[in-house]
Amino acid sequence: MLFAAENLVGPSIPWFYLNPLFILLGGIVVLMLVGSLTPQWPRHWYGIVSSVTAAVALVSTVLLWDNVTNEKPRAIFGDALALDHFALLGTISICAAVFLCSLLTSDYLQRDSDDGPELYVLYLTAAIGGIIMVASNDLIVLFLGLETLSLSLYVLAASNRRRSESQEAGLKYFILGGFSSAFFLYGIALVYGATKTTNITGIFTALSSSQSVPRNDVFLLVGTGLMLVGLAFKVAAVPFQMWTPDVYQGAPTPVTAFMASAGKTAAFAALLRVTLTALPTRVDDWRPIIWVLALLSIVVGSLLAVTQTNVKRMLAYSSISHAGFMLVGIEAAAHPNSADAGNGISGVMTYLLLYTVLVIGTFAVVGLVARKGDTATELSDFKGLGKQQPALALALTVFLLAQAGVPLTSGFIAKFGVIKAAVEVHSYAIAIAAMVASVIGAFLYLRIMVSVWLEDETAENTPIQVPFLTGLVVAMAAIFTIVIGVVPGWLLDATQQVAALTGR
Amino acid sequence: MELFVFICAAAMVLAGALGVVLRSNPVHAALSLVLTLFGIAVMFVSQQAEFLAAVQVVVYAGAIVVLFLFVIMLLGVDRAENLETESLGVQRPLAIILSLGFVALLVTTIVQGRDSLNMRGDGLITADSGDHDANIRQIARSIFSNYVVAFEVTSVLLIVAVVGTVVLARKRKSEKDLTGVSA
Amino acid sequence: MLATIVPTSTWYLILGAVLFGIGMVGVLVRRNPLIMFMSIELMLNAVNLTFVALSTQLTDINGQTAVFFVLVVAAAEVVVGLGIIVAIMRRRSDISVDDLSALKG
Amino acid sequence: MIAITRSLLGIDPLFDGGLLWTPLFIVILKVLVVFVIGLVATMLMVWFERKAIAGMQNRIGPNKAGPFGLLQTLADGIKLFFKEDLLPERSDRLVFRLAPYLSFVPAFLAFAIIPLGGDYRDGNGGVVTWFGHQTRVQLADPPIGVLFALAISSIAVYGIMLAGWSSGSKYPLLGSVRASAQMVSYEAALGLSLAAVILVTGTLSTSGIVGSQSSLGSWNIVATGVIPFVIFLISATAELNRPPFDLVEAEQELVGGFNTEYSSIRFSLFFLAEFMNTITMSAVIVTLFFGGPQPISIGNTTLDIPLINNSLEGSIWLIAKVLVFLYIYIWFRASLPRFRYDQLMDLGWKFLIPASLGWFMLLAAQRLADNENWDQLIVMPLSIAVILVCFIFMQLAFRASSKNRESEGAAF
Amino acid sequence: MIAEVSHSASMSFPILTALIFVPLFGAIAVVLSSNRRPEWTKLIALVSSVGTAGLSIWMLASFHTSDGGFQFTSQHSWIREWGIGWHLGVDGISLFLVVLTGLLFPLVIVGIDPHHGHKRYLAWLLLLEAGVMGSFLSLDLFLFFAFFEIVLVPMYFLIGGWGYDQRVYAATKFFLYTMLGSAFMLVGIIATAVLAKNSLGYVTFDLVVLAEQASFGTNTARWLFFAFAIAFAVKVPLFPLHTWLPDAHTQAPTGGSVILAGVLLKLGTYGFLRFGLYLFPEAAVWAKPLFLTLAVAGILWGAIAATMQKDLKRLVAYSSVAHLGFIVLGTFAFTSVALSGGVMQMVNHGISTGALFLLVGMIYERRHTRQISELKGLQSVAPIFAAAFMVVMLSSIGVPGLNGFVGEFLILIGSFDNARWWVVVGTTGVILAALYLLWAYQRVFHGEVDEANASFPEITPREGMLLLTFIAAIVFTGVYPKPMLSRIEPSVKVLVAHVEERSGRTFEPDVVEVKKAPAAEEEKQEGH
């Protein structure tokens, strides 16, 4: 009887630092109550509640920023959550994604004569899952966050009941997601076997002394590999990308935007967290894996994107190649002996934040072009957009150019950041490969632009309406894209602090 | 006796697992799954994880597989599928080879690494020590100290499950009722 | 004589690995989403077994706690997954992943 | 080796000295006794039910076979055994054959954790000495006892479900789907009211639960405040598919329900299982809420039956208490009309589950206030208020959703 | 004196920044202008482009002739975190390119009608001007790269939106080729900045700091040089990376072709001078044989390919390949004469090839074909047109007295000592140029007029004015190149000195005395 009977003292709970989570939870409660108590709310209100919740959560996260600056990064809540700028930035990205996607969804549901609070609740739960992933300091917590996020996404992907593609996308995503979760979990189990803990800081401590875990411990090696496989599925890195195009195409467009933004942010943050705070002493073991994944993702993503004719599929492949870029940043961060390795972390996180806005903007336009029913996403459906809706077309052009990495857009700043990080640790090969492959990728964006501007519209294309909220999202995203492209200083200032991770 | 239990349970587990993969009728597959789950519950018991064994049976056998069966029966998809036609040329052997390779990797890992598994512990108290509820008590302690966050996140997870099902299952007026069987 | 052989944790671990492999085969080979899904459950169970075996081996309770959470996750996953399958099957009763032709893979 | 036996059979002091012949013999004896008692009790239960209902309906009931018609069940049983064993053509043979056993075995398994007697008064926690060995008057006392019961009852669904499905016929299928939905639904309420008991007693083991109910005041029905007991009783009735929740075999709608296609010995297994389950469930209720084999005692006075060994006396108390509940079940059957299916589901989901959850929260709040030395006078009203608000919200939501459903068309 | 005053004035007025922002704001204004008032749109475009031209003239006027360093510099912190600044400056090398840019754009805007989508056309054109200006003026690697890449976007849309049949293909090819080059350059730029940290102690993208203060290992510098060189080689375009150019030129609208030939191609050659030689002198010297060979190959290939073209515009495009080969030849000779010639030739090629494209565009306007075989005897129908064509063509061939001669001659003479055999081979390019251009002229303008060409209209007054500006520039520079050379020379000398110092080799032979050509003489006088 080691435990004297009934005196469990639970961990102290830093309520203040959990504000964003509570705000999101509050939003969920409000939406669910409202959804169940009132017969039907007037249009747009559900979406606005959801996005306001996200915005408030975002602001509260920003308010925490200075608090965290003053106190050192540390683990809170029974050492299960990490409190550092990294987590806060991830939270900001995710909240921004919820904010924008809720607005998109609002118009989307109106157009397809559907409404209800459920999808927004799922956005918010997904956000909570994502934030937990970003902030987790324990593999089990990470896994639970991952599942919360993933399950929300599965449902969201399948949520359009009028399109069989949507449900098929949900199913495909679900099966492969569950499959990858199992791998991730097995990885956790093996790492647990090697280190006797699932706590990330604990793993780091265990691995720091060579006595407790030998250098060539097979459990750790295989466990690391399996965890990487699981996370690579989630970030859609080649060769674990096969679900992406189908799911992106099938899911409702605002949901696709959400998957590509918040989903990616959370998964990448988790990948960074696992690799860099738990396993930094074993970089030599896993860096080559990241290297290969990065290269394959960029090249294969770009190459396959070119062969597509459906814009959502194209963007899916392009997101794969973007994932490759971010992996380049992780690869750069995996040089703990270099003084500049931290730039890899901040590079990736900046990339994620910028890509979040960028990709949501892109999909916002795609969603509008998809028209009622959310089906018109072939390249030919974009014909004549430039003539019909020049402002929209211009915004799309800005987004596409930014994705291609043209200077004076946020996309360029993002790419510049990771490439710089890679060059700083002398990973020239991957940097050059990434840049060259991005040229192939640029072809894809050009194809869309050709359809938009240079080809005449076909007769059967119905006119495109731009509802207010979606228009707002597009405008905000476009302005953000340009502003960051021109004056990125303030953002870079902030993201430089991200490199200080809890437990390092 | 422990060996005997292990062999029986392992036989259950493997037979059940093979049943899931090989049986063509989904109901039979689900029953095989139950067999596996029971085998695993027995193994939990023999590893002195009584609480998990009970939860395993309650959750898996009592809820999960029942749900499976429910769906199968409700949708009337219980006809046997033809295992021959579903093969996709090279895909099946490839998958099997891949999986075999993976298992080989894992087994090698386990055999190689078993000695390095850290044996020193600060106390997993088993029932042997005379504390009747030791296992449950320890798990409770672990859940409400180290993993309290995880525990709270679980609630969100369950919200997702509930809301998700509502989204997926609810029908609108505009959609036609296509299901033949209703409960 | 046989009774003197006591199964060690390694046995359980290996059994878990084999079970995981069988589940993997199931996901990769079968085309019925329900059965693929069951195979995923097999994989999760394999992990559970591994966790418990390691927990015993390391004399550390946290492995068992992890299993507890995995069980919760599995339950939630099943609910959602079956929801999706039901939603699809209501459109057509006979389903195989290969039949999901609307999306070319 | 010790570990495994301990784990499998529960902590029985029998095995403190390792595996010996005598203890093994005792265990086997216990198994046999429990099994035989089960069978006989079932037989008597059937007779009891018929007789009691007949009495309530001003009939005589079985009176031909044996004294008071006591052997009627035996006669019925023998007849059933010799009937032709039919396998419907469209049935799934394997599952069709398997299902009755899946129904029958759990019914008996659950009985294993019921403390059947023993002296809880001497501070020994119900441990008695037989043949020079210390043991409990119960087949097994695993640390997870109550969970075990719950697990077993969740397995009982399979028998019914598969029986209906494997018959390859429409009515049994509908019956079994109904039954399993019902059982799964009410299991939640059952578990939640069980949780209240666990919260109060602080243990999952059945002997521990019994041990904590030494006087009438500490019987769990009092300690948990009656509500969990009521919910448990209702849910248990639903779990058993007994009237008024016997929609499974609603004759008017579904012929015989899930077992329509069954005949002969397989049918008798279902039949046995049903009554065995009733007995087991009564025993569980007694164990959980009414002190099991503990005699009634108020304050320091104990209703002690003179001249009988304390541990044997426990068994008598238990049987007496169980009989009360068996009678209650029969009474239900005789007096209550059958629910409609939607009413059944509404009762389960919209009333019992929330109520048991709310009560559980209340108990937890009280417990927390106790531990933290908070003022109960503030905590309790506050928690009641919170729960009330939630309840009102819920009712409003139900109303809104039924309105929605009317306007949008029914779901599922 | 005047220069002195305006120089100090420029301290207060950021003239270079204005050069970039005036067209940029013009572009935005054009976008925002009403669709219903196209005349306003045109006016805005005109005002901003002419304003830019005015600014560039003002800058030219106040330029210190004898100063070889950067003038009118404007330096502000931009992205402090990465050591990136807004650093602009102009010297003799970029001066005339800036002026050329400033002048060419209003001409194109005034003189060439895009037929449809005026608003967008003008907006892209002005954005293009801002981009080109920025590229020529940037003294920060990051800034340069930004402008260098930005230029692609408007050009892509100009070719794709207003070009001919194969426009999308050509535009895409142009975009991807150039972007591929810049992919390497970006990595090179970052690597330069990061590696310079070793010697500087901090990360900066400032060109002047990097070139003057940072030091790289020999091998490192060579790698970095190549990273830059690939981008510039594509842009120039250097053989064998030139295949995008004929397509882009042929398919681009006339205005696009003029701009493309006039200034865009110069980004490559300018880049070699500014970022190749200046940053990595040793590596540039080391790579000299390679680039000379490629340059000469380009000269010959371009000439031969031009000879075989059936399409008049394609012919001019190939002639560009040849001409730019000369410029690269001059660049990698590392003598101040050759370099000055190269810079001269950049401007001259801009004027004469621009004019040629303009003329070809006019032919297409009239005849809707560019096939040489379908054109015949135009001289008799449109004599003034033919005359203008003749003058421009002769300038392109390099006939003494016209501008083309000055640059080519300086290049050849300046490179002779350092790169004798290459020069010898390259000179044949001059002869070939005469061959294909004259032959083309003969086929198009001489001979009997057939029915299709009989109604070929004579030049309009507006076109006439436009051509006259070009021809005036051609003749003036050809006859009196001194004002240009005197401004180019000091900067080039500084550059050559820098190269010599860093590479430890001497290139500048004492050959100034030997020169007899008038241009050389003037240059000699200027040198003293």
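As written, the chains take the letters A, B, C, D and E, and residue 1 is the first residue of each chain.
We take it that a residue touches a chain if its C-beta (ideal position, glycine included) is under 8 Å from a C-beta of that chain, and two chains touch if they have at least 3 such contacts.
Just so it is clear, the structure is predicted and the values come from calculations on it, not from any experiment.
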How short can a chain-to-chain path be from chain D to chain E, counted in steps between touching chains? 2
What's the overlap between the neighbours of chain B and those of chain E? A
What's the farthest chain from chain D if centres are computed as the mean of the Cα atoms? E
Which chain's centre, taken as the mean of its Cα atoms, is farthest from the centre of chain B? E
Chain whose Cα centroid lies nearest the overall Cα centroid: A
Comparing the two chain pairs, does A-E have more C-beta contacts than A-D, or is it the other way round? A-E
Expressed in whole Å, how far the mean CA point of chain A lies from that of chain B is 29
Euclidean distance of C-alpha centroids - chain B vs chain C, Å: 5
Where in chain D do residues touch two or more of the other chains? 1, 407
For chain C, residue numbers touching 2 or more other chains are 3, 6, 20, 23, 37, 54, 57-58, 60, 62, 65, 69, 73, 76, 80, 83-85, 87, 91
Chain B: positions in contact with at least two other chains: 1-2, 48, 51, 55, 63, 74, 106, 117-118, 121, 123, 135, 138, 141, 146-147, 150, 154, 157, 160-161, 164, 167-169, 171-172, 179
So the touching chain pairs work out to A-B, A-C, A-D, A-E, B-C, B-D
The chain D residues in contact with chain B across the complex are 1-8, 11, 19, 92, 94-95, 98, 142-144, 147-148, 150-151, 154-155, 157-158, 161-162, 165-166, 173-174, 176-178, 180-181, 184, 187, 203-205, 208, 407-409, 411-412
The answer for chain D against chain A in the complex is residues 371, 393, 396-397, 400-401, 403-404, 407
What residues on chain C touch chain A, complex-wise? 20, 23, 27, 33, 36-37, 40, 43-44, 46-47, 50-51, 54, 57-58, 60, 62-63, 65-66, 69-70, 73, 76-77, 80-81, 83-85, 87-88, 91, 97, 100, 102-105
Which residues, counting only chain A, touch chain B once they are in their complex? 1-3, 8-11, 25, 28, 32, 77-81, 113-114, 118-119, 121-122, 125-126, 128-129, 132, 136, 138, 140-141, 144-145, 147-148, 151-152, 154-155, 158-159, 161-162, 190, 193-196, 199, 212-214, 217-219, 221-222
Which positions of chain B touch chain D when the two form their complex? 1-2, 5, 25, 27-28, 31, 34, 45-46, 48, 50-51, 53-55, 57-58, 61-63, 66, 69-70, 73-74, 78, 126-128, 132-136, 169-173, 177, 179, 181-183
